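Next come two complexes, and both contain chain A; in the first it sits with chain B, in the second with chain C.
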Partner chain A sequence: MTNKKFKQNTKDYEFGGGNIAEPPMRKRTRGFLNSKNVVPYVFVSPFIISFLILTLYPTIQAFIMSFQRILPGQVTFIGFQNYERIFNPAFFKALSNTTIYTIATVFVLVLVPLILAILLDSKFVRFKTIFRSALFIPSLTSVVVAGIIFRLFFAESESSIANQMIGLFGFDPVSWQYTGWSGMLLMVLIASWRWMGVNVLYFLAGLQNISKELYESADIDGANIFQKFLYITLPSLKPIMVFVTTISIIGGFRVFEESYVLWEGNSPGNIGLTLVGYLYQQGIQQNDMGFGAAIGVIILLIIFIVSILYLLITGGFKRGDE
Partner chain B sequence: MKKLSLLGLLVLMLLILGACGGGDDAETNGGDAEESVVAGADLEDATELSFWTFAGTHADFYADAAEKWNEENPDKAIKLTVGTYPFDQMHNNLLLALQSGSGAPDLADIEIAKFPNFLKGDIQLEPLNDLIEPELESFVEERLDIYAADDIYYGAPTHLGATVVYYNQEIMDEAGVDIDSIKTWDDYVDAGKQVVNTTGKPMTTIPTNWYGIWPFVTQKESDFFNIDGEFTLDNEENIETLEFINSLINEHEIAEIAPGGNYHSEEFYGFMNEEGQASIVIPMYYMKDFVEYMPDLEGKMQIRPMPLAPGSETQSVAMGGTGTAVISQSEHTDLAKEFLYFAKLSKEGNIRLWTELGFDPPRWDVWEEPEVRADNIYYEFFHEDIFDILLTIKDDVAGINLSEYTPDVLSEIDSNIMHNVLREGNQTPEEALKQSADTIRQKMESAN
Partner chain C sequence: MKKKNDTVTKWLLTIIIAIIAFIALFPLISLIISSFRPSTELMRDGITFSINWNELSLDNYVYIFTQAGEYWQWYGNSLIVSALTIILSLFFSSMVGYSLALYNFKGRNLIFLFVLVIIMIPFEVLMLPLYQLMIDIKLINTYTGIMLPLIVSPTAVFFFRQYAMGLPQELMDAARIDGCTEYGIFFKVMAPLMLPSFAAMAILQGLHSWNNFLWPLLVIRSNDLFTLPIGLATLLTPYGNNYDILIAGAVMTVIPIVILFGLFQRYFVAGLTTGGIKG
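And then the complex of A and B:
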């Protein structure tokens, strides 16, 4: 900012404010902070500061740590050794689990909330507030508590609720937490149950922003309900869908709690091992922080690449008017 | 007035932000223990000591000990704060505190499977040799060695953890088996077949974590690491052992996989309590679980040494456990060590381990003390000769060897070996052990 501009602004301010009784020094500081050039920075500073301290610094530190072996009192630089070890069967198992999980959750957590939101927004549904809060409450619940309930619900014994329910349809009891497909199903279920309400909220907000006039003119043109959905609702919701999909992808690759509450770190046959779970297991539970940091860097890269690809494909980088 | 002080606003926002940050910290880093017990709070000039544990019962035990310490040592009074944290969280926090060099307590309980993590790098725990060595002969040494590295003891044991077999007398009677006739594992298998045929109940269940293999491996005088620290997970004895365990389930069909996958789950407690199985192989400390979670079995359980493996005299193995360590960061290491001796290593401390916690004391010289032989709930629940049995096997208790890679082995056992061999049957014991051993070898090589 130029000195001239600064003075100019201060002057404007002094005329407008007329706070003559205060000492000149203080006036100047205040003027400085209130100037149009500075104010934006002041407002964004809490974010910038927290970003620098809580995100950027740890990221850089993790990057450095990924080249080290870290033990109490002994930190040694070991080059790429951590990275050389990463690509082992457990890591690939974690990667495939996480990818399947991400695809499944994105699928469920975009489609179902979209339908629910449209239902909740329509005039045919009664007690909307109750449904809305009922859908939203799970995201406020502690995932640890939810995990215990899910674990008991899907217990191995024949008398568990889930096994009794499938028993009604003539299926044999399933060892839910010990079989590959059902383990994944449980994780996706917990995630869906937990985040459904939040995504419904996003879509509801999007729906309420669609101008009613569009529907009115469609009515005049004789469009039926499906045409209105296809040509008005869906295109108008596209930005929201892109947004929800992006955060679901990022959330999917970062999955940890859903697996942790079910198996606490060691799942049978690694059916519940996720990338972050692997990081936690190796880095913290087994005190191999350098290796854990290297896994973290890889996860960062994966999320980065996938998100950028997705945003490029859906045009997330273009401005709305282009 | 339009002019709000922006600076004030900014400070306010930062404060809010800071408060949020603080809140998060407390949640993830466990700034607050789930529960904490304080002993000696009302004493003036008491030295403050902090203690982390993961078991509520241990917390009460140490708080009690601190009260007694203060009565006997008014000149060296302590104010002991014992915080109980969830298992994983406590060990993680302690590791991070030691790694970063600050924030650790004066004393901490460290579980056996986690202990090797704390023996890496420059060890941040205080040696306890000056406390233990003068009385070394009174201890079952195998238990002390578990918490040692290079002949330096870092952990005070909580119990001997002698592995025994608990038989359900009612089921055995129904099947017409005399439990004293079971001397070897072959006898055990025969008895098991009889039990399954007459009662339809399994002789035992096998947990899919290390409790389902380590005791048997150790009894065969093998281990995952030998005495010199060499890696032996896939050696001949271990493959044979896993084949034997597999045969119990898949060949002789006298065993099943433990409901819930381990002996410490709600599902298993319920199953056992309803007389779901005839016997269980587990360390002595499980007495407490019986008393607490399986009350219907009162008076029905009989404790016996493990059946013998062919060519081995080992009657029991020291398994499970928790070592209490004095942390080097502490400003009062000497006092903390003295207190630790008083609480857990002394004769009186060992007697209290039995009377208050129901643990088999690691000092065998207290096994015949009148206080230990005095009636308590454990004698009522089980039978009178618990310690006579221990005395007969005291010289035949095998210990385990820990290495810094033991946590990796245990994790492989939990997630791959037992699952693939016993539950899925898609790998032979040899294949599973070799595959896991290769994974760990790879890690060991790259770390050196």
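And then the complex of A and C:
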């Protein structure tokens, strides 16, 4: 309705407005570039250009490259050979590492921030803003800085903080960076430390959207604090939980940097090899771009399938339609 | 009776949260303290609980300010790249978002759909073809090459669109009647109204570009063009021969951002909660 009114106004303007003193030719080009039919396209043109060159072209190219053998100055189509080569031990190691990492980070990065947000939202807590900021500050650090810190925390020496702490429980020092399970632990810790605060903010926003009236009427019905949590807070938070989980799943399968800052791309026995790390290793370090592109396509498919499945299970799609 | 109970809960909860907040900040605090420790000791022992207070000194910082020319070169590169990324991406993304929100034109919904789709596509999948493209158009090892994929940010477009949807359209009509061109309406009337969204996106884009790792890692070849994260990562070797620059240098990449955060908290929060979608 407002749009109709709009068009009316512009027409009035195009007929009646304009500078009469100007020569007609100039007026027409100016009028053309300034017409409401053209201006929006001028405004969105940077996006369209960037979309065509930096998204659409590379997407198509990624699929094409995955069927090619790419040597400097010589590109040959080799059918599905890249894909046939993919299913090798290193890839499965990367796949299992990435899957474990994703499950662990999703678990930590949904559960802990949820609890923290509920605590922070409670009317009993003081200095909320300060605590919120404190939880958030780690998100400002780059992954490299986080890597430096955690490498030093978990240094091999007996006196490093991590080894001192397990020493309290009578365990021997661990060379954290070079052992399978602890390498994974380090990756998960780096990611959790950096993303915790952001997820807390999402949940806080979700909590603040819950109408106070719901709690009031529950009070009238005599519900206790746990019933209120179970029947009001949790169901109301479901959309935001689905959202946070989805981005954590996608982020999990894209993991690379946490591994890179720990092992610079070459972890002992591939304990830190991730899918994107494998893509980097093959596509960039080994310069086998066709094979790398095929790995990329597989990663895309995995992320696509897993997130669709997750959204189907949780009914995330239905919610969007409502 | 009930009041007294409330006070106890209040302080108990506050103390619990304070402990958690301390744990969250502990890694950064210990990094800062460690940056005053002798680098050889740090390399040997890692970060430790026990601190020899007599050994703390400004040596690492003195070294970095007097000897580490390449560190400042990286710092300068990061500043230039981040500043240009902020300016260009804000300029382009705001125009796109504004247009998607306030004009009615053919293909608008399709373009908006593309914005959402791009947010969903993992960058890593496009990385190799983009890298190839950068080689072909000779943008490898240039500032432009580092910035190009960030310039029209779909997240920023999305954010600007959401923000512009809430602006009063009557103002546009009023400006038209006053004889303002469509471009004038955007730059003189509407963009100033979108200032808070510019602040939030400046911070998101700045932070993203300052901390960006994977793409610069591919595009930059020579030491003198390294950005801070890439440069610092080259110092991260198991031999630890550069720990003086590494630790003090790491502290100095974080401190400016934490100060900015203190000043513009609100915008950081707005920017990062949208930006979380794409790392």
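Just so we're on the same page, the second predicted complex is superposed on the first by the 265 of 322 C-alpha atoms of A that agree within 3 Å, B and C clash if a C-alpha of one lies under 4 Å from a C-alpha of the other, contacts with A are read in each partner's own complex, and residues count from 1 in each chain.
Here is the rule we go by: a contact is a pair of C-beta atoms (placed from the backbone, for glycine too) under 8 Å apart; a residue touches a chain by one contact, two chains touch by 3 or more.
Please read all numbers here as calculations on a predicted model, not as lab measurements.
When the two structures are aligned on the shared chain, A:284 is found in touch with chain B and with chain C.
Legend: residue contacts after superposition of the two complexes on their common chain; A:230 is shown touching neither chain B nor chain C. Among chain B and chain C, the chain that touches a larger number of residues in chain A is C.
In the superposition on chain A, contact of A:111 is made with neither chain B nor chain C. By the touch criterion stated above, A:256 is placed in contact with chain C alone, chain B being left untouched.
Of the two partner chains placed by superposition, only chain B is touched by A:90; chain C is not. Contacts of A:312 after superposition: neither chain B nor chain C is touched. In the superposition on chain A, contact is made by A:59 with chain C only, not with chain B.
In the superposition on chain A, A:46 makes contact with both chain B and chain C. Using the contact criterion defined above for the overlaid structures, shared-chain residue A:138 touches chain C, although it does not reach chain B.
The residues of chain A shared by its contacts with chain B and with chain C are 17, 34, 39, 46, 50, 54, 152, 155-157, 264, 284, 289. Chain A makes touch with chain C in their complex at residues 2-3, 6, 9-10, 13, 17, 34, 36-37, 39-41, 43-44, 46-48, 50-51, 53-55, 57-59, 61-62, 65, 116, 119-120, 122, 124-127, 130-131, 133-157, 159-161, 164, 193, 196-199, 201-202, 205, 247, 250-251, 253-254, 256-257, 260-261, 264, 276, 279-280, 283-284, 289, 292-293, 296-297, 299-300, 303. Chain C makes touch with chain A in their complex at residues 6, 9-10, 13-14, 16-18, 20-22, 24-25, 27-28, 30-31, 34, 42, 44-50, 92, 95-96, 98-100, 103-105, 108, 111, 114-115, 118, 120-133, 148-149, 151-152, 157, 169, 173, 176-177, 179, 181-183, 186, 207, 210-211, 213-214, 217-218, 228-229, 232-233, 236-237, 246-247, 250, 253-254, 257-258, 261, 265, 268-269, 272-273, 276-277, 279. On chain A, the positions that touch chain B within their shared complex are 16-17, 19, 29-30, 33-34, 39, 42, 45-46, 49-50, 54, 69-74, 81, 84-85, 88-90, 152, 155-157, 175, 177-178, 264-270, 273, 281, 284-287, 289.
Listed in rising order, the residues of chain B touching chain A in the complex are 2-3, 5-7, 10, 13-14, 17, 21, 88, 91-92, 95-96, 98-99, 101, 117, 120-124, 208-209, 259-261, 266-267, 271, 407-408, 411, 414-416, 418-420, 423-424, 439, 442-443, 446-447.
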